[in-house]
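Naming follows writing order (A, B, C and D), and every chain is counted from residue 1.
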Amino acid sequence: MLVVMQEGATERQTEAVIDRLVKMGFTVHRSTGVVHTVLGGVGPVDDFDPAAFEVMEGVKECHRIVSPYKLASRHFKPAGTVIQIGSVQIGGKDVVAMAGPCSVESEEQIEASAEAVSHAGAKVIRGGAFKPRSSPYSFQGMGEAGLKILRAAADRNGLLVISEVMDQVQIPLLLEYADILQVGARNMQNFNLLRELGKTRKPILLKRGIAATIEELLLSAEYILSGGNYEVMLCERGIRTFETSTRNTMDIAAIPVLRRLTHLPVIADPSHGTGKRDYVLPMARAAVAAGADGLLVEVHPDPDHAVSDGAQTLHPKQFAELMKQMQAVATAIGRAA
Amino acid sequence: MLVVMQEGATERQTEAVIDRLVKMGFTVHRSTGVVHTVLGGVGPVDDFDPAAFEVMEGVKECHRIVSPYKLASRHFKPAGTVIQIGSVQIGGKDVVAMAGPCSVESEEQIEASAEAVSHAGAKVIRGGAFKPRSSPYSFQGMGEAGLKILRAAADRNGLLVISEVMDQVQIPLLLEYADILQVGARNMQNFNLLRELGKTRKPILLKRGIAATIEELLLSAEYILSGGNYEVMLCERGIRTFETSTRNTMDIAAIPVLRRLTHLPVIADPSHGTGKRDYVLPMARAAVAAGADGLLVEVHPDPDHAVSDGAQTLHPKQFAELMKQMQAVATAIGRAA
Amino acid sequence: MLVVMQEGATERQTEAVIDRLVKMGFTVHRSTGVVHTVLGGVGPVDDFDPAAFEVMEGVKECHRIVSPYKLASRHFKPAGTVIQIGSVQIGGKDVVAMAGPCSVESEEQIEASAEAVSHAGAKVIRGGAFKPRSSPYSFQGMGEAGLKILRAAADRNGLLVISEVMDQVQIPLLLEYADILQVGARNMQNFNLLRELGKTRKPILLKRGIAATIEELLLSAEYILSGGNYEVMLCERGIRTFETSTRNTMDIAAIPVLRRLTHLPVIADPSHGTGKRDYVLPMARAAVAAGADGLLVEVHPDPDHAVSDGAQTLHPKQFAELMKQMQAVATAIGRAA
Amino acid sequence: MLVVMQEGATERQTEAVIDRLVKMGFTVHRSTGVVHTVLGGVGPVDDFDPAAFEVMEGVKECHRIVSPYKLASRHFKPAGTVIQIGSVQIGGKDVVAMAGPCSVESEEQIEASAEAVSHAGAKVIRGGAFKPRSSPYSFQGMGEAGLKILRAAADRNGLLVISEVMDQVQIPLLLEYADILQVGARNMQNFNLLRELGKTRKPILLKRGIAATIEELLLSAEYILSGGNYEVMLCERGIRTFETSTRNTMDIAAIPVLRRLTHLPVIADPSHGTGKRDYVLPMARAAVAAGADGLLVEVHPDPDHAVSDGAQTLHPKQFAELMKQMQAVATAIGRAA
């Protein structure tokens, strides 16, 4: 904790800050400069808000110098986390593709999707049974029936299942049918949900919120890790900016930034990241080139009749082409796929 | 629904779009321009994604022309909604202040807060019993014990109670102790929670998410309204932008925009909107000048020792000054307070 | 300058940073904490990039602790700057209105505008002779002929003239006809232009760029001040965010933030800030309530036929109502208008 | 031009809109729906502001349906533009690297840079002679002396020269020494400069402003093209968002979006796009994987002593590694480098 006093701060003001730091358990080092006095607080205290000091009289600014997350940091665990599920490794040398429709709609649709994505080289089928929709008048998902369909199709095609959990009450159901539980962007800071997921022992894919900083994403991962569930993968899926030619602005740089800050695997979702089918392939290549450990891609046997997200969903043929090109890029940078 | 075809789109492409519109139940009007053909679809269908048409071959762009929300719109109900709770009216001539600490910490703290804010003219006491915190290592709230303290202090001081509900499982508890249930910014799109709140008959204060558009805020309100709970007030509390000198950027213009688009009362939260105590007073004046029906303000008997949000919390004396100035501005624009 | 070393940084890495700081002329204080070593550099050096240290091995983060602007800071000059032009004071007790059309179109239009805004209480007429337009096919302004029209109408109606300078070659022309030279948002970082304006002795109104931080606005003001021209006023006119229901998001909080950081007067432009006529009046009230020293408002005798910005331009009648309400708010907060 | 009337708009309101459209030269098609009346305007008029209709009574929203740029559009010229300078082709099969220091500092520095980047495979040397700096107290560039140094080093090493033009008065000087004139992000909407560059016949590299939409970038290109200079390349270099772990957020998706909308070559600048050396290599790979025609990279023989932008500048060795990996990715997607 560093507190920089304003130019001309009085001795009384400086001492008030020192007093408060000491009461909070910090040891204080004082350094008097030509212009500014700087107070360095060293201590066991992690849970405080630097802004509380910034509003004290005579204070110019404060900086927390210990990262607010620990278990998620690369410093805490220098080697990358590899999540092993059956024979699939996420975070290893292979770039893993997870693909399937936005929503589970019917047995036929899922069986066709599973066959197509498995044949193209994906290892995991995705599909939503509970759908968070911004309008109350939109399709809200098939629920447990959808999960059953997903599980059966996955088993027939040698795939794993990833599906979204929207609420803590849905956790037991998801645990029964899915291999990876997905937390959607809107729930990245649903802390009750995160805490409960920390008590499970299934891998979690945690999506970055559309207005979340990378640090906030890591703090949300920390909620899960601090509960004892260490199998968390992070997913970049686009942030909200002023640009409207894509649905979101995919922050590809978040991939190398996360690889530097954390040991957790990083997945990229070019479907939500762009919102338009035509841009999914080049952005999938870009994400892999930037170092992503996996891709999450929306594929549907008949995208034009998908009940949700059709605009960003690939035809199976387009997905097969994506896999081919993604593998070429992975190989070019020394990875496999 | 309007579909604009690209310059040079073929007849086959145009017909494919027409076919799809007709299959969805639209009646289609075709208008052929010098450069672009435009298809206007008229129909009973509300639940579709314009982007699904934008990826069709030959399509330049699509526009949904019916607002995706109905019950929340000013067109649906031209007169402003006035929410009556006991003798307090929200959305009427008076600007209503709701004030109190971020978190309930103790009986003494709440009693002191209730006395102070009531004395200064507030009608509602705020205080969190369940705290959404970005770090798992931060204080998480007193729970039901906190709600009891809040209720008792409110009753002793002739105040109403507003408190945040973070999860659908907490609804029964909140209904027992609070007069207004607050949905936090992080939960603005927790649709399961919104749907359950639509089944209650208590007033809801719905905060705008930090990356939510005004339209998305209205869609979230629609979730509650469509369940039959018509007592919803909307709260502007700052959005996330590139500017860092305030915690969020308070979108004051959202106030007149909302007053135009919806009949629901609009509340402003200058504490979260700025994140810094010194800016709360001028921004409270600005919000009222822009037309807000109420203010939500953080006040604590000893802000420097508040367990959360201390930096943006006012001393009781500062709050009394805020009320005085806010009333002067309200009077200047023809309202009371 | 503060450099925080990473947890586990080696002695060699720490010394490399110390060496570099010393070579740049800093005196270095070292403070070794339990987790992090912090280096405080004190020195006469202002012109350096903290990021250059952040990429050194073993460095976690850097903070510049001396503000990069000086002459613009409230610390340098605690009393607010009052700009006196004839009998008009900007930055004094009165809130000053500057109003008129976006573009100078004709003598009749300007004469009608000047009469109307003067009659309603404005002190300055605005009007563009050179128009920055995002499309090369749009109207680009009347040039010197426009300035002549503006000057004559102002003189007949007892008004001052403000007009935009787009390029350093236009400065002599503007100096001849205008009382205040306006720098548009797109030119806020046209440093050649700013430097040349620093050599003039006419008041400058500097608009905030749509993606500029408050600190960058102050740095741009510093360019002008450091040339010896101390009469600079700053103008908040909206920033670009994800919200689209207004043309820009008006950052009303920038007004109290600027009043705290700088002694320069602060003007608000609710016309560009919102882009829509209906929101200009409530946002003008809000800006004054937040502490603005003046308003810049687009007014046209026939807004529906304005060659530019008609959507955000007021009718003279609407402007008269705005002045009345603005004056009521100014009085309510202890100012005049 | 499409105008959607509000639900319940009166006949009088609708006719006022039709009148105005007709007066502007549009032919109007009227389509009356169950809820909304839609007016389609077809006409030769390009220069108007849709917002001017949106503020008319009874109007819900307006959409311009003809793109405001023409010469820059892929529809106007379906085949990609290839800019040939000597033996170098930009926009062809090869991915072209342009590299060198941020600022020209000395003959030795530039000679060392030229040798290094040429040896690694770059075709163009970059270096600024005039530096736009946000602080007036920072180094402002060597001017013409710097351009001479750049030209000489380029000639000795078989390279082309790209350098930034900050102001229209500098154009003649730049034309004498440089092969490509760069327009910086801050000048993307300096329309006087763009217009003058349209009169030259040298290739222009136009950088996207940090808050510019893709459409605005294309409109700025249109300024140059409409002057008769058809050799324009566009450069994505990061936009400003809320994320602070990188200096800007590089909008990699802008690359495929631009390739779809325009025939002009697209260059990526991962140095400014990230602001940090460690992220330049992965983002260079990502940009090429997404389809960029070239890269603009900052390289300096001694980055830690660069006078500007050192933090994002590569060592020659790092640049050589970047070229190797970039070439591998280019090959993987069927291009050369």
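We adopt the following convention: a residue touches a chain if its C-beta (ideal position, glycine included) is under 8 Å from a C-beta of that chain, and two chains touch if they have at least 3 such contacts.
Everything quoted here is computed from the prediction, not taken from an experiment.
Between the chain pairs A-D and B-D, more C-beta pairs are in contact across A-D.
Computed from the mean C-alpha positions, the centre of chain B lies at a distance of 38 Å from the centre of chain D. One finds 26 Å separating the Cα centroids of chain A and chain B. Here the spacing of chain A and chain D, counted between their Cα centres, is 31 Å. Those residues of chain C in touch with two or more other chains are numbered 211, 240-242, 244, 278. If each chain is drawn as a node and touching chains are joined, the picture has every node linked to every other.
Touching chain D in their complex are the following residues of chain A: 211, 213-215, 239, 241-246, 249-257, 260-261, 273-274, 278-279, 282-283, 285-291, 325, 328-329, 331-333. Within the complex formed with chain A, the residues of chain B that make contact are 20, 46-47, 49, 51-52, 54-56, 68-69, 132-139, 166-169, 186-187, 189-192, 194-195, 209-211, 216, 219-220, 222-223, 226, 240, 247, 275-278, 304, 306, 308-312. Chain C meets chain A in the complex at residues 2, 4, 6-8, 29, 31, 33-36, 38, 40, 42, 60-61, 63, 65-66, 75, 240-242, 244.
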